[in-house]
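Going by the order they are written in, the chains are A, B, C and D; count residues from 1 in each one.
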Amino acid sequence: MNEVLTQYAFLIAAIIKIVILVFIVLTVDAYLTWLERKVIAHIQARWGPRRTGPFGLLQPLADGLKFILKEDPTPTGVDKTAYFLAPFLTLLLAVTSLAIIPFGPDFKVFGYTTNFGIADVNISILVLFAITALSVYGVALAGWASNNKYSLLGGLRSSAQMISYELAMTLSVVGVLLIAGDFSLKGIVLQQEFPKLGLLSWNIFAIGHGYGFTQVIGFFCYFIAAIAETNRIPFDLPEAESELVAGYHTEYASMKFAMFFIAEYTAMLTVSCLATVLFFGGWLSPFPGSWTFTQYLPTLLLFGLGAYAIYMSIGYETMLGRLVMPGVGTAMIVIGVVLALIPDLNHFVQGPFWFVAKVFAFLFFYIWMRGTLPRFRYDQLMTFGWKFLLPVSIANVVLTSAVMLWRMPR
Amino acid sequence: MSATLIVFFVLAALAVLGAVNLIVQRHPIHSALSLIVVMVALAGLYLLLGAEFVAAVQIIVYGGAIMVLFTFVIMLLNAGEEEHTNFSKLANIAGIPLAVAIAGFIAATIVHSGQPLPPAAAQGSLTNTKTLSMMIFRDFVYPFELTSFLILVAILGAIVLAQRER
Amino acid sequence: MVPTSYYLVLSAILFGLGIVAFVFKRNIITIFMSIELMLNAVNLAFVAFSRALGRPDGEVFVLFVIVVAAAEAAVGLGIIILTARNRRSLNVERVDLLKL
Amino acid sequence: MPILENLWIIPLLPLLGSAINGLLGSKWSKSLVNSVALGSTGISFVCAIEAVREFLGYYEEHHQAFVKQFFDWIVAYNDARFGFDLQIDQLTVVMLLVVTGVGFLIHIYSTGYMAHEEGYYRFFSYLNLFMFFMLILVLAANYVLLFVGWEGVGLCSYLLIGFYFLRKSAADAGKKAFIVNRIGDFGFMLGMFLLFRTFHTLDFTTLFAQAATLPPDAMGQFGTITIACLLLFMGATGKSAQIPLYVWLPDAMEGPTPVSALIHAATMVTAGVYVVARSHVLFTHAPSAMYVVAIIGCATAFFAATIGLVQSDIKKVLAYSTVSQLGYMFLACGVGAFGAGIFHLMTHAFFKALLFLSAGSVIHAVGGNQDMWTMGGLKKKIKITYWCMLFGTIAIAGFFPFAAFFSKDAILFAAFNHEPAGKVLYVVGLLAAVLTSFYMFRLIWLTFYGEARYDEHKVHVHESPFNMTVPLMILAVLALTGGWFALPALFGGKDYFAEFLSPVFGAVTEAGAESAASLEHILSGVAMLAAASGLAVAWRMYNKKVEQGQSTGLHKLLYNKYYVDEAYQAVVVGPLMWLSRNILWKVVDAGIIDGTVNGVAHGASGIGDVVRHTQSGNTRSYAVWVIVGALVIFGIVFWPLLHPTVVGGVR
């Protein structure tokens, strides 16, 4: 039994982590929708969802329920295989791509070293690109299979768009790869770690080692391309409701639609994680290692949230809110205290905390852009992708390599 | 029956089934999908062989670019079920035997080729991406540049071909 | 460890299937795909050999093959689009002007 | 010795002239063409004289012929080299001067005679080309190069006979000349091959040096040398119009008169004689061959003369007289008097050229008419021509002290002394001489005396321009004085010409000086008598009003040239035509050759009909073919691996 455990420990750990990850991801996606609606509502000076549960916190559950219970009609004349395959494929790839993201540093459980993140491949970033490359099919197939000209146009558009921007995205990352000299995301994160410098050593600045070169250009190229890859505003032409009803998932309802939906948000999550890892030092803390007090920031945050929850619960209109929210607040505060008291645990939390913080910053940025920017015209999109983004990212590669050659110790 | 062997057989079966399906399917999209399956399976085999970079490139370029192009064109031309004409007697009669002959011939050659090859991937991951890139940019730099030129020409050709004459 | 010959035989089988597809499919695009299939089979053989002989050349060749295949696909599909436009059919047996 | 070292200049100049005129002349004015043609020939004439002067100086020192190898032409294997080698010895000197000198004069004459003809430049281009080949012929130092000239002059004679190629008779005559010459040349080539096989060289000096050492073939017995000589002589008969191949020469009169004068009287036709004289070493080693030569020469002399008696065409008369004079030359060679032969060759060149040119002048005067029966009484109208013609006639008839007197005399004398049967030859030659003087004076009377038999109103007779008459006068002087080299011999002195040639032919054997001299006096007297008798008969017959009577019997036979042409037609040409038409054309060409060609074509198209079915245009079928090819290549490459016993294989 025991040696079996040791032999297949890797597998077991993997399975456990997969379960946890999938659960977390789904939750995050769900609440991402909530967050999006809230933020956009406030940007547009509205309230957003607030009936279902306090602050509409139960809204995602309600949506999920709705998706599950909704009737699922299959239009006539669709290509069955592709029609069913598309959403599964999309979701599958989207979730798989998360498997290689390292959310935190290695750690020990029961004397067995493992890490945040499921697979630690030595070419993880290539794998990531491979998966994103494949994820075109979901969209294209969906558009084509559901025998509907809007869907087809949407599918064609999005596949074209994805192919075009994938190039830019890949190239924009090359700069980082040059600096890191490594394909594995963990390696990339680790080579950004220079405790005395803090955030200056991240690849976006790349002050850390002698020969780096700031990847600001690379980051912007990457970020724009990533937005396009995930078909988000201002690049959401595949589902431009004003032109083609809902793009490639016009003909999809209930769970299949949900899959597309989840896949989209997961993709957002993935690219944000990737941006974090590549340019913003992954799980690394932005502060120099000498500033020890910064390790209590998680506790601080929890205190703040708890306090806010308790404060808001006073005189909240619904009964439920008045009853539940103080409990939640106190729970948060307690967790914060526990973290503060157990240094190991606190240290264990640090990595994921920073990672998640950065990722959420990106996600917020996404939502913010959605609330702000109008949509591109299709030809503008293509022109932008091919004639601006691609050359700039290539220029970035050349520039970076040149500077590195120049500064590299010979 | 080691784990790798099992994985190999699974992937091989996947590849062969995909190839067969490519033939069986009547609709080009389905053929394309099965071809993608084959390619992914092959990528898995490459990983099994320890050639991870090639595997990644296989999926990125073949899966992510070339086959997308195929599906793209299929959709663009809205190609339907292929009509089953039988104008070429010769092909119908001689096709299968010839294919079998060639495959068998190659296989036979492999099987009794005099010198026994060492089992693949015995050297582990001897070509990590670094050595590979060394190879490309040192020994094979001229072919590499040539391929880049080839691609340029291909781009021009594709544009010239596909643009509607105005 | 998997014997190299397994890989080679597999690649032979795939190649044969590619030939069969090449002969028996009528749709130009599918035929083109079968060519890609054959190329893949060859790539497999390349990689297997390079691993067996412990030299990376094989993989370099695979990369070149892939590049060439990409170029080929670009041009070939361009031609296919043109043909389809002019002849309103993707069936190779309907495109038979190349005869006396 | 500038020229002697660069002998090639002499033939090259006419070649250049020919090339320039032939390529560019068509656009040029007559005067320009003239200057090129005359310039080239004139300069080569001057060069020839200079070369002769230098050679004589050279001979004083070395006492041998001058031979220079300019470049290799054929080098087969180590002992077979045929180069562009030129040679000068006394014989060549004579020929050289005759060719260039007479040629130059005739060029001048032609400028007047051809003035109104089409293709002026063409004519002179051919003429210069002829000069080139003729000079090659006489300068050649080996048989092969000589043969080049030999064939070249044949070509030019063909071109010039057929100069008026729009006239069928002219074209036919050209072809006839060419074909008849081919027969001779065939023999000539065989002779060359035989000589080469025997001596492994064809250079004159070495070959003759070897031949001189050989024992002569006995009389009446045919050894290699005899056969070779006979074959060479066959070529000579072709070129020099001897029996049986003389038939082309009379027809050759279709060409322009200057051509007849230059080629068919003065130079080319004497090439045969030249060759025989050149290879005298061989001939002296083949007595039987000599005998044949003598007989044929003698026979021709008489035979042609008889035909000449009755011809009515002024040029035909001269043509037959040419044939008979050539016969004299061969007679001389046959009896071993090569020097006399060459002597007669030279004098004949002078007076026969003179006669032809005068005849041309006459024809020119009466407007292109050649029939003597429609002439007469021209003496008053064209005095210069008359006198020139008369000089020529007296010369050929052999009156003292004109050229032919000496040369013909020498020949007859040699014949008389020849053993055995020299007497017979002498008698026949003498008869021929009588006939010669007869038909020549007949020509004079018919042409210049009596009353005019032409229509005075149509034809207005006029003297020719200077550029025609001046050469006539020069030639007349030469015809008068040409023989005087031998003048002293008559008075017991020495024969300068023979002595000059002696280095080539060996010392002339004077059979007992004074007795020979006395005998020679007698013989020459007899010859004079013969000539006079001919004159007398002619006077008797034609010095009155004459009409072209109904020809009968012997006259008819002679008039139709013994029906030789008809005989040839029946015996040779007819069967040959029949063979060509019914066998070669109908069977071989149409049947076999065309059959094969068409068969190939049909076969190809048949195969195509079968094979084209592979070109179905169906891509899938093509795919199958591709696979078949791939399979074949696999088989070739990998078969050894399937059978490890087989060594090698591709890995």
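Following the convention adopted for this analysis, a residue touches a chain if its C-beta (ideal position, glycine included) is under 8 Å from a C-beta of that chain, and two chains touch if they have at least 3 such contacts.
Given the structure is predicted, the values throughout are model-derived calculations rather than measurements.
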item	value
Chain of greatest Cα-centre distance to subunit D	A
Selected interface, B-C versus A-B, where C-beta contact pairs are more numerous	B-C
Gap in Å, rounded to a whole number, between the CA centres of subunit B and subunit A	32
Separation of subunit A from subunit C, taking each centre as the mean of its C-alpha atoms, in whole Å	37
CA centroid of subunit B to CA centroid of subunit C, Å	6
Geometric centre distance via CA averages, subunit D-subunit A, whole Å	112
Two or more partner chains touched - positions in subunit C	19, 23-24, 26, 93, 96
Where subunit B touches two or more other chains, by residue	53, 57, 65, 76, 87-88, 91, 95, 98-99, 102, 106
Which chain pairs touch, all of them	A-B, B-C, B-D, C-D
Touching residues (chain side subunit A, partner subunit B) in the complex	79, 81-82, 85, 121-123, 126-127, 129-130, 132-134, 136-137, 140-141, 143-144, 152, 155-156, 159-160, 163, 166, 183
Touching residues (chain side subunit C, partner subunit D) in the complex	19, 22-24, 26, 31, 92-93, 95-100
Subunit B - residues contacting subunit D, complex	87-88, 90-91, 94-95, 98-99, 101-102, 105-106, 108-109, 112-115
Of subunit C, residues touching subunit B in the complex	1-10, 12-21, 23-27, 29-30, 32-34, 36-37, 40, 43-44, 47-54, 56-57, 59-60, 62-64, 66-75, 77-82, 84, 90-91, 93-94, 96
Sites on subunit D touched by subunit C in the complex	612, 615-620, 623-624, 627
